[in-house]
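Single-structure report; data block below.
All chains are identified by letter, namely A, B and C, in their written order; residue positions are counted from 1 within each chain.
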Amino acid sequence: MQHGKYRFIAGFLAVPLGLYALFVVWPFIQSIYYSFTDWTGLSPEFEMVGFGNYERMLDDEIFWKSLRHSLLFALVLPLVTIALALFFAFMINAGGRKRKGGPAVTGVRGASFYQIVYFFPQVLSIAIVALLFAFAYNPDSGAVNSLLRGIGLDGVQPLWLGDPDLALWCVMAVLVWSTVGFFVVLFSAGMASIPAELYEAALLDGANRVTTFFRVTLPLLWDTVQSGWVYLGILALGAESFAVVQIMTTGPGGPDYSTTVMVLYVYQKAFRDGQAAYATTIGVALLVVTLAFAAAVMRLGRRERLEY
Amino acid sequence: MGSTSGENHESAGVGRRDLIRRSAALGLVSVPATSFLSACASSGGGGEDKAESGERTAKNPLGVNDGARMEFVLFDGGFGTEYAEDAVRIYEKNFPRAEVKFSATQKIQSTLQPRFNQGNPPDLIDNSGAEQMDMGVLVGKNQLADLTPLLDAPSYDDPDKKVRDTLRPGIVEMGRFDGEKVWVLYYAYTVYGVWYSQKALDALDEQYPQTWDQMLAVCAKARKKGMAGWTYAGKYPYYIPFSLYPMIGKVGGREVLDAIDNLEPNAWKHPAVKACFEAYYELYRKGYVLRGTPGLDHIQSQTAWARGKALFLPNGSWVENESANVIPADFGLAVSAPTGLGSSDKLPFGTLWASGGEPFVVPAGARNGAGGMEQLRIMLGEAASKNFTSKVKSLTAFDGGTDGITLTPGLKSGVAALEKAGDNVVNPRIQDWYVQLQKEKIGVAGLGEMMAGRLTPAEAVRKIQGFADETARDTSIKHYKHA
Amino acid sequence: MKTTENPAPVPDGSGAPVAGADHRAGPPPKEKREGAVLDVFSHGILVVWAVMVVLPLLWAVMTSFKDDGSIFGSPWSLPDRLRFDNWSRAWTEADMGDYFLNTVLVVGGSLVGTLVLGSMAAYVLARFDFPGNRFVYYLFVGGMSFPVMLALVPLFFVVNNMGLLNTVHGLILVYIAYSLPFTVFFLTAFFRTLPASVAEAAFVDGASHSRTFFQVMLPMARPGLVSVGIFNFLGQWNQYLLPTVLNTEPDRRVLTQGLVQLAVSQGYKGDWSGLFAGLVMAMLPVLAAYVVFQRQVVQGLTAGALK
């Protein structure tokens, strides 16, 4: 086993690692370096300022607000998305009524139809989704309020994105809407792979569907759920939340900072205020938060692996 | 599977001339490392030299090198690209040997940022839009060329007149930040104010109100007809100042606006500010603001207004072009200087905010800065200016340029408002000097909250003063003062 | 009530009736009720979500045929006539035709590269102990979390100095590099779940490490490759930050650059109908591809069951 092992390892790692180091790690290291300077981003001149940017960040009220919102995103988005996706996937695969002589557990009628339809939002770029919903949330003539008026709820005409208490949730709802589909397909593929005998055994033990789900389905899907959790958390902290907040919200980031997330603040500092060094500092904070999040999920989620 | 990093390139089919690639790969280490280590490399590695200047003649007063390449990057926004393309054609005609590279983008900073860092920026930039590069930083870091040679050159149409003498009042001053040098030339000339439909006012049998009591009366009358008084870009509440700031200037005098620009302590606590805030808040309190306005973006609010859902809209003169698709033909688009409070106002009715828009800059590191300036000189000629005005329904920095072309209703009304204002034109600079303060803090967190009814005027004043003080204390921001 | 579309493998389901199915002759009333209620309930929820997903999309399609005035005036009404001029305007403005091919080239190349390189790295990290293993792993995972926008300037220099600016292969390499973190993260977890015994058996049989990988492990990892492939496809198809900076030559642009152009200019020009036409145009090919290949995607994802 030992023979040629290291040569093999080196050979397999060299290209991916080289490419990664060149185009990702090296630029990242350079930008982290900038967080110790006063680089504006608009000229090659800068000076070292030590930890000045970090001290400033700790005193920056908007930074703390954005951190809070980002953490909320990273907790709520995966939780809701994965719960919904598991629920839908279970319904699709095990929600059907038993039929004579059939398997113990069946999917609902039209299962593949649902799998196709639920995936739809995933094929749209998040920027498009955000635009679509910015339009739908328009309090004056948007689809949501028109619908409310249409069913006679004239009195209920929220400002949606214009209301600091609702705006963040409106944005999250859009992300949930657009991400659930992929996980339904992923989970339901996983569920379909679970041997029917396991369900049968559970049913024989007198378990109902709910307990079956928690005792059989969830443990067997745990690895997938965990990867999905990390993936969603990272999306929520980074790229995806940026696009929706940037396109949809007041300001963007408002009203009154109610939707400012870290990655938006990074963008504004770098691309609006000409303070690239400070933006990088917040970027480093974002890096720390994301790594901590991933580590926490992996640690909390560690379980006995079930072989079947 | 090999293990050298050369495999990288090989594997993706780049392997041709591996040797060159390898040496280039070494270069990739050296350039960022230079900017790493030498804290003030003024040009980060671009090797080319600046174009030699050509012979100065009457036709070529800036001494443009006839054979030098000229690069022009335009912001592709509400004004489109056609006007600039037309001007580029004139340049190409005048300098047939010169290659002109013209491009347009909405992402000015992402596209140009690396070029500035490399010391290889284009020769002329329309630095506008959401991704506008911060002008104060560019000036502070010596990235821009002084436009004085252009301003002192003879104008395109009349060799006896300098360019600076053909510009509208205030344009040259706006281009200054510190001292005498002029860094920015604002090409468009924008009239800010309250935009409305003359037809809708006629239907109410009303004139544009000059005092706030009249304003409230008109709004009340409009409401009886099922029309809201006001709407605005609720998601971008920094549109409110377009009518609010000149109103403050009219009520309390220019000094109040200057004090605000200068971030003076308690500038926002001036009674005129408070009175104007209260007047606007009254619009909300009496229900004269279109329902749902805080959730509308600029296009949505403009569309609602164009469809007759609301009477008045604070905006700038670009609205005529931007909303051309939705403004009905018989709308009677008009702009007015903002309504004041009453007879005790410091300045007369007609006091107007008008200033330059579309900031054009020539980078200090441009290879062919003279070419960039020459392109601007062409654009500031009467023909190009007229072309702009007739194509995009907006005035330019060139004083005049409206004779002989049919003005659209909004434009005509803007010209009339300018004439009426005479010397009473105000130009608050806070939106150029302190972008974050103006947009995010005063706009969204202050005025936006107040107009949505979530802050009282007194609270808004206190909050905004706090923001202004914070900005004044912030040492990472460069501060400016009115001369 | 039977569904045949369900891909659940049921090796012996019909042959040997088991569990509750035995009592079908006289089903206990409680269980029947539970089944019926659940059936209605689950169907209800599933239908509601399906409507929530389809409605906005249908609405977007419908809106793309309207004029600007009626988009705002009566958002729910059908278009008075099909305005194809919206579509032609969007087609020219976003240069869909030209950019589509570029996008297919770039995304196709990067997807293959990402999967090959990502699975190689992940396999080594998942199955071999060597000094620095954890370091390399976390180096990759860490890359998921740093905002790309901050690295744009240094990245531009790297790409420029290698002479890869404004080239398709340059863009492909960068896409691959930025897709590696999640791919490695995902596939490492996946390779760990594969039974070690098979690889060991192959190795004992005299296969080299690389042959074991390509001929034994990779086929076994198909479901993982398919899922991570979809993630990457969607991510790369929708990527616009990187091409904005690294790919500025007008005729080499990718689709998203055209679309972003359209979307941003909507903010300045107020051409809503054109925007919706562009949005619909951009989503249809991907949607169609998914509907056509849906069966393969689901099969690819489930193949692990047969291991």
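General observations
By our rule, a residue touches a chain if its C-beta (ideal position, glycine included) is under 8 Å from a C-beta of that chain, and two chains touch if they have at least 3 such contacts.
Fair warning: this is a prediction, and the values are worked out from it, not measured in the lab.
By the count of C-beta pairs in contact, the leading chain pair is A-C. The most central chain, judged by the distance from its Cα centroid to the centroid of all protein Cα atoms shown, is A. Seen from the C-alpha centroid of chain A, the farthest chain centroid is that of B. One simple way to say how far apart two chains are is to compare their mean CA positions; for chain A and chain C this gives 14 Å.
Between chain B and chain C the centroid-to-centroid distance comes to 40 Å (mean Cα coordinates, whole Å). Once the centre of each chain is set as its mean CA position, chain A and chain B turn out to be 36 Å apart. In chain C, 72-73, 152-154, 158, 173, 176, 210, 260, 266 are the positions where the chain touches two or more neighbouring chains simultaneously.
Contact with two or more other chains is made by residues 11-12, 15, 19, 22, 30, 41, 141, 271 of chain A. Contacts with at least two other chains are made by residues 1, 8, 11, 28, 32, 110, 113, 117-118, 130, 297, 300, 304 of chain B. For chain C in complex with chain A, the residues that touch the partner chain are 1-3, 5-14, 17-21, 24, 34-36, 38-39, 42-43, 45-46, 49-50, 52-54, 56-57, 59-60, 72-73, 75-76, 117-118, 120-121, 123-124, 128, 130, 136, 138-155, 158-159, 173-174, 176-178, 180-182, 184-186, 189-190, 193, 203, 208-210, 213, 223, 227, 230-231, 234, 237-238, 240, 256, 259-260, 263, 266, 275, 279, 282-283, 286-287, 290-291, 294, 297-298, 301-302, 304-305. Against chain A, in their complex, chain B makes its touches with residues 1-5, 7-8, 11, 28, 32, 35-36, 39-44, 109-110, 113, 116-119, 130-134, 136-138, 140-143, 234-237, 290-297, 300, 304, 309, 435-436, 439-440, 443-445, 448-449, 452, 454, 476. For chain C in complex with chain B, the residues that touch the partner chain are 68-69, 72-73, 109, 113, 152-154, 156-158, 160-164, 169, 172-173, 176, 210, 241, 244-245, 248, 250, 260-261, 264-272. In the complex of the two chains, the chain A residues touching chain B come out as 7, 10-12, 14-15, 18-19, 22, 30, 33, 38, 40-48, 56, 134, 137-141, 145, 157, 159-164, 249-251, 253-257, 268, 271-275, 278. On the chain A side of its complex with chain C, the touching residues are 1, 4-6, 8-9, 11-13, 15-17, 19-20, 22-28, 30-31, 41, 87-88, 91-93, 95-128, 131-133, 136, 141-143, 146-147, 150, 177, 180-182, 185-186, 189-196, 200, 203-204, 208-209, 223, 226-227, 230-231, 234, 237-239, 242, 263, 266-267, 270-271, 276, 279-280, 283, 286-287, 289-291, 294, 305.
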